[in-house]
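Below you'll find the structures, each written out as structure tokens.
You will see chain A twice below: alongside chain B first, and alongside chain C after that.
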Partner chain A sequence: MRLTTGLHGYVVLRFSSGLEIRLHNLICAMILMMVAVVGGVALLTTGSTDSTFSDLVGLFDGDAVSGDVAFAIADVRLPRILMGFMAGWCVALTGAMLQSLAQNPLADPGLLGLSQGSLVVIMLVLVLFPGLPLIFTPLAGFAGGLAVAVLLMVLVGRHHSGGLGILLMGIAVETTLSSVTSILILYAPPEQSHAISSWLAGSLFHSDWSAVGSFAAWFVISIPAILVIGRKLRSLDLGDHMALALGEAVHITKPVILIVAVLLTAAATAAVGPLVFLGVMAPHLAWFISPAKGRARLFLAAMTGGFLVVAADGLTRLGSDQVALPTGLAIMMIGAPIFIISLRLRTISQARTG
Partner chain B sequence: MHKLFLTLALIVASGLAHAQSHDVQDDRGRTVPMPDTPERIVVLQEPLLGIPILELGLDIVGSYGRNDDGSSMLRVDFIKTVLGKDGADLGISGIGPLGNIDLEKLSALKPDLIIGGESDADKADILSSVAPVYLKNIRTPDITGFSTQQKLADLLGVSDRFDALMADYKSQLDDVRAKLPDPPNGKTYLAVIIYDQINVVSNMSGVIQAIEDLGYRRADLQGSGKASGYGQGFAVPLSSEQFARLNPDILIIMNSYVSADRGQAAIRDRLNAIVPGWDRFLRPHKEGRVLYLDSVAVTTPTVASARHTLDAIEAWATSK
Partner chain C sequence: MTGRAKVFSAFILILMAAFFANLSLGATNIAPEDILLAFFSFDADNYDHFVVIYQRLPRVLIAVFVGSVMACSGAVLQGLMRNPLASPALLGINAGATLFVVGGVVFFGISSAFQGIAALIGGICGFGACLMVARMSGMDGNSRGLSLILSGAVVSMLFIGIANALLLSTPELRNEFLGWVTGNINHVYIDLLYQMWPVGVGGVVVLLILSRALTLIALGPEKAASAGVNIVLVSRLAIAAVVLSSSAAVAICGPIGFVGLVVPHIVRPLVGAKQTMIIPGCILVGASICLIADMVARLAFSPFVLHTGVMMDLFGGVVFAFVVRRYYLTPGLRRSL
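Our next item is the complex of A and B:
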């Protein structure tokens, strides 16, 4: 392993196997990880129950800690932080994949209707088959998301699968499915209607250890997905024709990437509800932090998404005692201003260099 | 010998622990390990569960919709209006803002029982990590009058207190019936509550129980029924045209309980906005057969709300 300068002029860490990691990307990733860890630890020690860092250390060391503190840290805060990070990771990763796939910087599982498709099928299952074990919920979401993806491909056609066309069609499909969601909420039994309404805004309330365990399987899938798909996306980012010319089997790769994206979206939607706009924001924020490509881009986007959701959950838990802040709204409150500033700075930077 | 005593003590203790709770099935079919004498109850629906429990003389330590200092998060305070008590003085604490239960605050209250309604079914699993959760149907069509309070009394082992409340209530019923200008038998009533539109109040409240126990029967509504879209529930929408044609022997009108002003003047103003000129052609109004009630005081499914209704009817009857 050694530091050297790549052909592109950037400093890279080159491994004996030939793997290269741009040093800037690596440093940014490490900083993001440290911020996420420090933020997570800070949030573990903050809440309605007074707790300190030494309580946290004592809990993990097996020392005697009061029951209230142990419950707050181990049963409330830690599962929420882990679930929030994993869900944000998956949604942001999906957004980054879809943006490359659709060659559209605004592609997002929500805007393309994938989240809404997952949502509608999950809601139909909850209303029509309330006794079905929860393990089937992500599968139902997957079926819904996949159906929307196929519908989009059919409506848009192969030759217009990038650019504005797919985005507009996605918005149209998403709007139609939103009306279906509204009808379901209106006519569902009141107890289900209440539950669905609160879940629609995004919520980490139901994050206990069994939910974390169930979702962890999907999170684990995302790791090899980053490694495999990230490499493919470097070619796909250049366009279908160039990717074909570089030997990429586009007709296989794109559907596989779409399936993975739908899987991760469905799992995240089933676990915490739709996290609107996170899939758009996080990749752009990651790009602002470090303009990466391929695996590095996916990893940084996923880290950013995970961090945003954890921060949003902190805002939700520690916010006003009077007003409940849904997790989805908290994500927007934190991410949107940073997103706007990053876009503005990028525009200024491009104007200067252009 | 020491180990033998310890073993015996553990066996006895485990038996005693088991004897302190018993399994019951809640209204959603869930098996709940119910404490034999719950002493630290948290309610998730204050008007429909908390008020009935408090009137039965039991304590609640937490209520969804209360601040940590015991004051109400909402503009209305059901405990104060219905029972004349202060939530802070009763030691009732909050469990987080509406829409976001704080599990840490809930756990800090050390509840031994959490009681919720059917709409809290989605939260039951996660709340069970703090205390047993009993889900009681509170808005389903089978819920009428005092049935919620009676079932809670049976569940919590205070049926005798409910019987005592009913005895006092029946005594007041007889008193008020005697003061009515006309015998209520065969007479009709209708109760409406004004949200953004006028709604007919169904039979899930103290006010309806009281008026029907007096002897009035619900007036038939032309075109009511599932096919007409009137639906079911606490408040069923009524069109302005229908309202103008209402002519029961006694018409009860209430303002929404989220209104800052629920007095007669405010009710009349709301009606003026929805049904302009109503006071010129609504026969019960012209003939002095309208009763304006405070919805907060009379709509909980409790004996207390029914007795507030009887107080208002008595005052109206005396004024005629």
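Our next item is the complex of A and C:
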């Protein structure tokens, strides 16, 4: 393992196996990781139950910590933070993959209606088969998300996927589906309806250790997926023709990537509800921090996504006590302006290229 | 009888049929002669008469009001913005009005008398936010105002998200307002209709008066100017009328989306491109569509009564997809999008 200068003139870390990592990407990833960990620790010690950093250290050392504090930290806050990070990771990853697939920098699982498709099917399954084990809900969501993706491809056609038309079509599909969700919200008994709405708004409130456990499986799957898909995306980003010329079996690769992306969205949607705009926001921010390609891009985007959700969750808890801000809304409030900025950047770059 | 006269008489017939069907069909079916009796010789002890006058007639009036106001607004917006998707629901007006009403109730506990005013202010803010976002996204010259619709969608998403969050945090208000937020035509909202109808009717009258100038503007600003139309004044007046009257409609029964999007697309192929014809056509067809949607919502899943807004979302979403495909995804536009 040594530091050299790569073909592009960047400083890279080269391993004996031939693997190269750009030093800049590596440093950025480490900084992001550190920020996420520091933020997580800070969040662990803030909340309505007073707790200090020494309580946290005591908890891990096995010292005696009062019951309330131990419960607040270990059973409420920690799973919530972990869940937020993992869900954000998956959604941001999906966004990055979809953007490459559609050749559209504004693609987002929430805006294109994939999350909406997942959650409609999940809700229908939960209503029609109440006894179904919870482990199946991501699969149901997968079916719904994939159905929406295929519908979009049929309605939009492959040649238009790069334009803004696909976003409008996604919004159209979303509104049609949202009528189904509003029926469920309106006719479920008040408590259930409340729970459904808070899930629809994107909420980490229900995260406990069992939810984290069942979601962790999907999170673990996403890592080999990044390693395999990142490489393919690198050539797909150059356009279909170039990818074919580089020896990429586009007709197989693209559907496979789509399936992985939809699976991850479905899992995240089932766990915390839809996180709209995160899929656009995280890859753009990651690009801003460190312009990377392929695997590094996916890793950085995913990490940014995870960090953003944890940060947004922290914001909602620091905010006022009267109005509990749902995490999804907090993300939307950060994400909408960034979405608009990226629209603007896109216009500028289009004007430049003519 | 000319073709246009035939079309208009068909519109009127459909409206009459929808009107009477809506009054007579329901949990108990009431014969048409009983409805006429209820109107002309009301008998307070007769249960059917009571149902017609105090339960169904208010619903019908609200549906007619909302349908015609929203449809006219949509037609005028589509003409002015030259955008086939422009409508109160997609330009943030509905969402703004909804957010302000919910916010006013949650934070200030405003009574229903002030809800209408809150909705009017909210509609203006929603539309303003949408325009501002569109300008910030820097695609004003973009083909067919696509950025405008996109920013409208983003603004609506944000506003509705905030409104829902406010309702989630106040469970006792939530039960009361949940129906309203999804767009519910209900006889209990008749008080709001009494209060808000002058705004809506005034708006529609203004649009009717301006309709000739609006047709000329739709042909192109230069042509309109050469025909002696004061473009700036007419557009501003028309937009003010649209925003205020559709916010008034939202104040009554919540955001019933997509009437404004759907109806002009039905009317335009039948009566031609003149706003003088489209606006009256939209009044008739919009009212009929709302009456029919209300009826379907009540009858399709009886004994459950669906909300009219939900029905319109379902139907309107499909039309929305169709319009996007027809206008934005046809070959030849690929480069410009």
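Keep this in mind: the second predicted complex is superposed on the first by the 314 of 354 C-alpha atoms of A that agree within 3 Å, B and C clash if a C-alpha of one lies under 4 Å from a C-alpha of the other, contacts with A are read in each partner's own complex, and residues count from 1 in each chain.
Please note the rule applied: a contact is a pair of C-beta atoms (placed from the backbone, for glycine too) under 8 Å apart; a residue touches a chain by one contact, two chains touch by 3 or more.
This structure is a prediction, so every number in the text was calculated from the model and none was measured.
Visitor: May I ask you to decide whether A:205 touches chain B, chain C, both, or neither, giving the answer as first, second, both or neither?
Guide: A:205: touches chain B, not chain C.
Visitor: Taking the superposition as given, does A:190 touch the first partner, chain B, the second, chain C, both, or neither?
Guide: both
Visitor: With both complexes superposed on chain A, which partner does A:348 reach: first (chain B), second (chain C), both or neither?
Guide: A:348 sits against chain C, while chain B stays out of touch.
Visitor: Which partner does A:176 contact after superposing on A: first (chain B), second (chain C), both, neither?
Guide: In the superposed model, A:176 contacts chain C only, not chain B.
Visitor: On the A-aligned overlay, A:251 touches which partner chain: chain B = first, chain C = second, or both, or neither?
Guide: A:251: touches no partner chain.
Visitor: Touch test for A:231: chain B only (first), chain C only (second), both, or neither?
Guide: After superposition on chain A, A:231 lies in contact with neither partner.
Visitor: Counting only touches as set out at the top, which of chain B and chain C does A:326 meet: first, second, both, neither?
Guide: A:326 sits against chain B and chain C alike.
Visitor: Tell me which partner touches more residues of chain A in the superposed arrangement, chain B or chain C.
Guide: C
Visitor: Shared contact residues on chain A, chain B side and chain C side combined as an intersection?
Guide: Common to the two interfaces on chain A: residues 190, 194, 198, 322-326.
Visitor: Which residues of chain A touch chain C in the complex?
Guide: 155-157, 159-160, 163-165, 167-169, 171-180, 182-183, 185-187, 190, 193-194, 197-198, 200-201, 276, 322-326, 328-329, 332-333, 336, 339-340, 343-344, 347-348
Visitor: What part of chain B is in contact with chain A in the complex they form?
Guide: Against chain A, chain B makes touches at 67-68, 73, 94, 96-105, 107-108, 117-123, 125-126, 129-130, 139.
Visitor: Within the complex, which stretch of chain C touches chain A?
Guide: 85, 106, 133, 136-139, 142, 146-147, 149-151, 153-154, 157-158, 161-162, 164-169, 171, 174-175, 178-179, 182, 257-258, 304, 306-307, 309-311, 313-314, 316-318, 320-321, 324-325, 328-329, 331, 334, 337
Visitor: For the complex, which residues does chain A have touching chain B?
Guide: Per the stated touch rule, the residues are 47-49, 68, 71-72, 75-76, 190-191, 194-195, 198-199, 205-206, 208, 316-317, 320-326.
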